[in-house]
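The block underneath contains the structure these notes are about, expressed in structure tokens.
Labels run A, B, C and D following the written order; every chain starts at residue 1.
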Amino acid sequence: MTFTVAVSGASGYAGGEVLRLLAHHPEVTIGAITAHSNAGSRLGELQPHLRSLADRVLEDTTPEVLAGHDVVFLALPHGASAAVAAQLGPETLVIDAGADHRLVDPTAWEKFYGTPHAGSWPYGLPELPGHREALVGSKRIAVPGCYPTSAQLALAPGFSAGLLEPRDVVIVSASGTSGAGKSAKTHLLGSEVMGGMSPYGVGGSHRHTPEMEQGFSALAGEPVQVSFTPTLAPMPRGILTTATARLKPGVDAASVRAAWEDAYRDEPFVHVLPEGQWPHTKHVQGSNHAEMQLAVDPHAGRVIVTCVIDNLTKGTAGGAVQSMNIALGLPETLGLEIEGMAP
Amino acid sequence: MTFTVAVSGASGYAGGEVLRLLAHHPEVTIGAITAHSNAGSRLGELQPHLRSLADRVLEDTTPEVLAGHDVVFLALPHGASAAVAAQLGPETLVIDAGADHRLVDPTAWEKFYGTPHAGSWPYGLPELPGHREALVGSKRIAVPGCYPTSAQLALAPGFSAGLLEPRDVVIVSASGTSGAGKSAKTHLLGSEVMGGMSPYGVGGSHRHTPEMEQGFSALAGEPVQVSFTPTLAPMPRGILTTATARLKPGVDAASVRAAWEDAYRDEPFVHVLPEGQWPHTKHVQGSNHAEMQLAVDPHAGRVIVTCVIDNLTKGTAGGAVQSMNIALGLPETLGLEIEGMAP
Amino acid sequence: MTFTVAVSGASGYAGGEVLRLLAHHPEVTIGAITAHSNAGSRLGELQPHLRSLADRVLEDTTPEVLAGHDVVFLALPHGASAAVAAQLGPETLVIDAGADHRLVDPTAWEKFYGTPHAGSWPYGLPELPGHREALVGSKRIAVPGCYPTSAQLALAPGFSAGLLEPRDVVIVSASGTSGAGKSAKTHLLGSEVMGGMSPYGVGGSHRHTPEMEQGFSALAGEPVQVSFTPTLAPMPRGILTTATARLKPGVDAASVRAAWEDAYRDEPFVHVLPEGQWPHTKHVQGSNHAEMQLAVDPHAGRVIVTCVIDNLTKGTAGGAVQSMNIALGLPETLGLEIEGMAP
Amino acid sequence: MTFTVAVSGASGYAGGEVLRLLAHHPEVTIGAITAHSNAGSRLGELQPHLRSLADRVLEDTTPEVLAGHDVVFLALPHGASAAVAAQLGPETLVIDAGADHRLVDPTAWEKFYGTPHAGSWPYGLPELPGHREALVGSKRIAVPGCYPTSAQLALAPGFSAGLLEPRDVVIVSASGTSGAGKSAKTHLLGSEVMGGMSPYGVGGSHRHTPEMEQGFSALAGEPVQVSFTPTLAPMPRGILTTATARLKPGVDAASVRAAWEDAYRDEPFVHVLPEGQWPHTKHVQGSNHAEMQLAVDPHAGRVIVTCVIDNLTKGTAGGAVQSMNIALGLPETLGLEIEGMAP
């Protein structure tokens, strides 16, 4: 039997990537494809790479259109999904690629987003301890942010194993431009971004910071403080996260490596690379894999983990489909056995 | 009067950039242009962008060829410059773009470079306290590494003013590929680097780490430990450095900003951007400027400084010409009044 | 039942792409994976994006290793495949991604390749009239060159329908850098290619010229002369071909459009876009599709066709798998139902 | 003595490039810098790479603000410059980087631009026979389009020398994205353009087509018909034009090469490369040079010329400054002795 799935926000990058993955998912039938201002257009005009769906026509994002599907993906601007989700029945699996239901703490939500808290949903990062179990059978899933996906995968084993100090955690990420969305803005023009790099959201102001801290604190059992700096790289896709934390006294390199390898040994999508091999965002381009390498710097007393994902795949749509599989009781990797595309 | 200048290593990226800047320096006459395996070739074949020098023929890098110039630039592979420099007379201004004479501490040198220490020379980063004075009249100049240039400019004001803790300094840099040089290597092919990012030299193993620590420790008056991670970005030029350090107790945001603005107020090439404006490597592309923005993250108790330079200009050849100007008693900005090239 | 397939030349770009496609082909079991100097390495070191094959070890390219497979793909340097193929039995389906067996005319071969002609094989461009039929049951297939694939698809309908003059055919193509292969060469370094374009093989000297003329002449029933200019674009993948030919007297725009639409109406992988929509190489990135748009310029009396493919997929590995499917009697699209990857 | 120069349209790419060049022109004082919606902003916010002009404030583009300058550059949207120019006195040198005054033939103008013809001005491509003389002392200059600059330089010698047939001239150009301007449009986002190529304006519809034909026809003494196809390349700057024409009967390769070399031997900014060397857009990046290579294809009976310029420099602002120098009686190369910036 297959599940009918609706995708809203289908004209954007996240929605397009959800459709790319679902197009050949063996247990999925794509139902309504919806958008806002682009309702009425052929998908072939808006997402010309999705050849097999080119003749599908986008509908309006309304409760009536979304009703009657087993699964509804919401790839909407932040703040828009809570209202739509509230109109969908409890028997529908709603997967929110936006931020609205990620944060547990209403105070953190209101500080960073400035709107009333809509409540939190099971968090779609199954590789973190406890999360996979919480997703099974769930009817509501909050897809993690792209930066928090890479950052939490990078440092989770260390916090889980009690190896890392909760202060002076520093995370610097470089993201491809698709993370900034598809709306036309001057500073995102090709002429502006090709050939250069720039930071933004410096100083702890980026909204993904509390999401990282929430994840780390839960694992560490104590409040973790993160200094997070995002930067924009001249590439369409991919995130390279450099995450570094101080080791607790007496922790040595071998136990660090063992903790990471143990944590991910059986994970189908998260991989600690063999020593001597560096991750590269292109190696996971278009795939649902995360790859990382780590090193202990005894001089600085820190572990440095570099982790790559595709921000649109494992960082958004792939993670969402993976969580959907778990929630529906399907094999976790179904429809996601995709190699990276290189060169 | 003008100075005659020889440039060795002219077939590489650093040598080419030195020539690009010198070609229109009003007080310089370009004398010998030398290379190793490319001796005998027209410069137009090897550096076709240097149109005004296209018909110059490269000579061999020998003491005889280099003799008789007022200034000799050495843009040679690391480890090669000390031997060449030793054959040049004490009256010649020798400017070494390589690493050989940057580190004061022989132990640090030997640990990271594995060869006998050749001694240290005045360090060509005039914006650091004390360095400008040391360059005046000097006949030997060690050009800083490209990463250390951006990193030291980013955090120097904080260490000079005693605002920063000496531990848990974390520096993550993204560099354009020209920093890796012009030799043909598979992992540097366009097919491999376009569209992706990767780290390398993780865990404190990059040779620029002790150079950063040397600079910071001198300013702080105590040993500073740096965790440095370099990454390779899909762009030919430019470095974006994210440098972050813990603030000493009681240091507030206003005093941090004041320290940085005071430090660089009168510098012709280093600029703290107005609040709200982010640096971008393209804004300094081809120019000798460094631009930075900073933010205090009170939650994490850290200052984050993002600093951009062109790795080949301020990071190598521009800094070298600037230091040459100081050493020769010329106006410091001569030949370097170049706008960035954007878009 | 599934077919066992060996892939030789697996460390290069073409070989890697063959493996990427075969990895999830439902009727294929990947047998030997071979290379020359990289024999003995893990595939994960050489093609890290092929996660599902990471632990496979490359074997040497010998007749013994290749023996016993139903299908052998040869992704070898030009000139190397004929010798290997000669050692494989007549019952093995040999698919040569190299040039050795593309040209029918020994004189043309010797003029452009300078070696003895190895004979020609059925030509793996099933969309050209007559070719699909010739591939059914064939045990030897010559995979077309990447430029000739795009060029022939662009103009074939016009020559087939007798609409185009055989002289003054002009074809200008821009190719991604993977077309130049994975060997380390200075002019292919990322620093050299990012941000710029350059021509090469100007003046009819490129080896793909006779291949295009062979295809067009067969369709036109008279000798066709092509002026072909390839250029290198700053992107890893993709070919954009602009092909233009003079219309025969009296041919109007409507009959031109009808000829193209008729030719490709039932093709699963070749698409004439709706009027007003331009092809873009990213829309077919990683997919086996070719997309084109055309316009008649009545002032110049010419038709201009712009056609995009992914040079590694439809231009090499995808076309090869498509031909394999036909030869083996499998559904032509099996394993190739892949959307393009954008953005 | 120096000339005061006003620059209108200073927030766009063309205006920014004019300012980059004028900033260090030894005989120019930059007066008013004007814009439309950005009037009142600091230039440092809009063109952050122009460090030496960062604190200048943009004024409104009005006749009053522009009055009193020796020279006024108009870098305005097409159609806007004629009205502004009409309000400037006859003693002011007005240099129009827009299209309004390029075409001599009102019919061609109205067909391609759809508005009343504003008349033609002396054409700022001094390397074409007769044009340099017409610019001396002129008070009105039409700056050529970027594509026509590269295309006319590529084929002018052949038409001047009577070597080329007037029909079946085919020109295909790849342009960097800055040619499309700085307004925010979705299809020009970095996510869309990086890593891919696309055509536009196919079929003779691009407005630069009549401009090319005007130039060629004047040189040939007979009407020349051009098939022109522009494409968008994933780079910020640069044009690579492939221009090809049929040779008249009896014309041989030696006479072709001689014609081109003779035409440009004494030109400071246009260069026929030595045989065996290919042009590359990066070699002229940021410089006012045009470089070309040519080949005769005896099989196809055509000459193929590949020509590179920087669309913003020789293609717009550099050509404009060069023409200004001529008009004002200054040395033609003043302020333009800039090497290309590579890598």
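One rule holds in what follows: a contact is a pair of C-beta atoms (placed from the backbone, for glycine too) under 8 Å apart; a residue touches a chain by one contact, two chains touch by 3 or more.
These are the chains along with the protein names UniProt gives them: A, B, C, D = N-acetyl-gamma-glutamyl-phosphate reductase.
All values derive from a computational prediction rather than experimental measurement.
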item	value
Neighbouring chains common to subunit B and subunit D, by label	A, C
Rigid-body rotation angle, subunit D and subunit C, from Cα fit (steps of 5°)	180
Chain whose Cα centroid lies at the greatest distance from that of subunit C	B
Centroid spacing, where centroids are CA-atom means, of subunit A and subunit B in whole angstrom	37
Whole-Å gap separating subunit B and subunit C, where each centre is the average of the chain's CA atoms	45
Sites on subunit B at which at least two other chains make contact	13, 177-178, 182, 189, 191-192, 194-195, 234-237, 280, 282-283, 285, 343
Touching residues (chain side subunit A, partner subunit D) in the complex	13, 176-178, 180, 182-186, 188-195, 234-236
Subunit A partner contacts - residues on subunit C that touch it in the complex	13, 16, 20, 23-24, 44-45, 47-53, 177-178, 182, 194-195, 236-237, 271, 274, 277, 280, 282-287, 289, 291, 337-343
List of subunit C residues in touch with subunit D within their complex	167-168, 170, 172, 174, 189, 191-192, 194-200, 202-205, 225-227, 229, 231, 233-238, 240, 242, 244, 246, 278-283, 285, 293-302, 304, 306, 308, 343
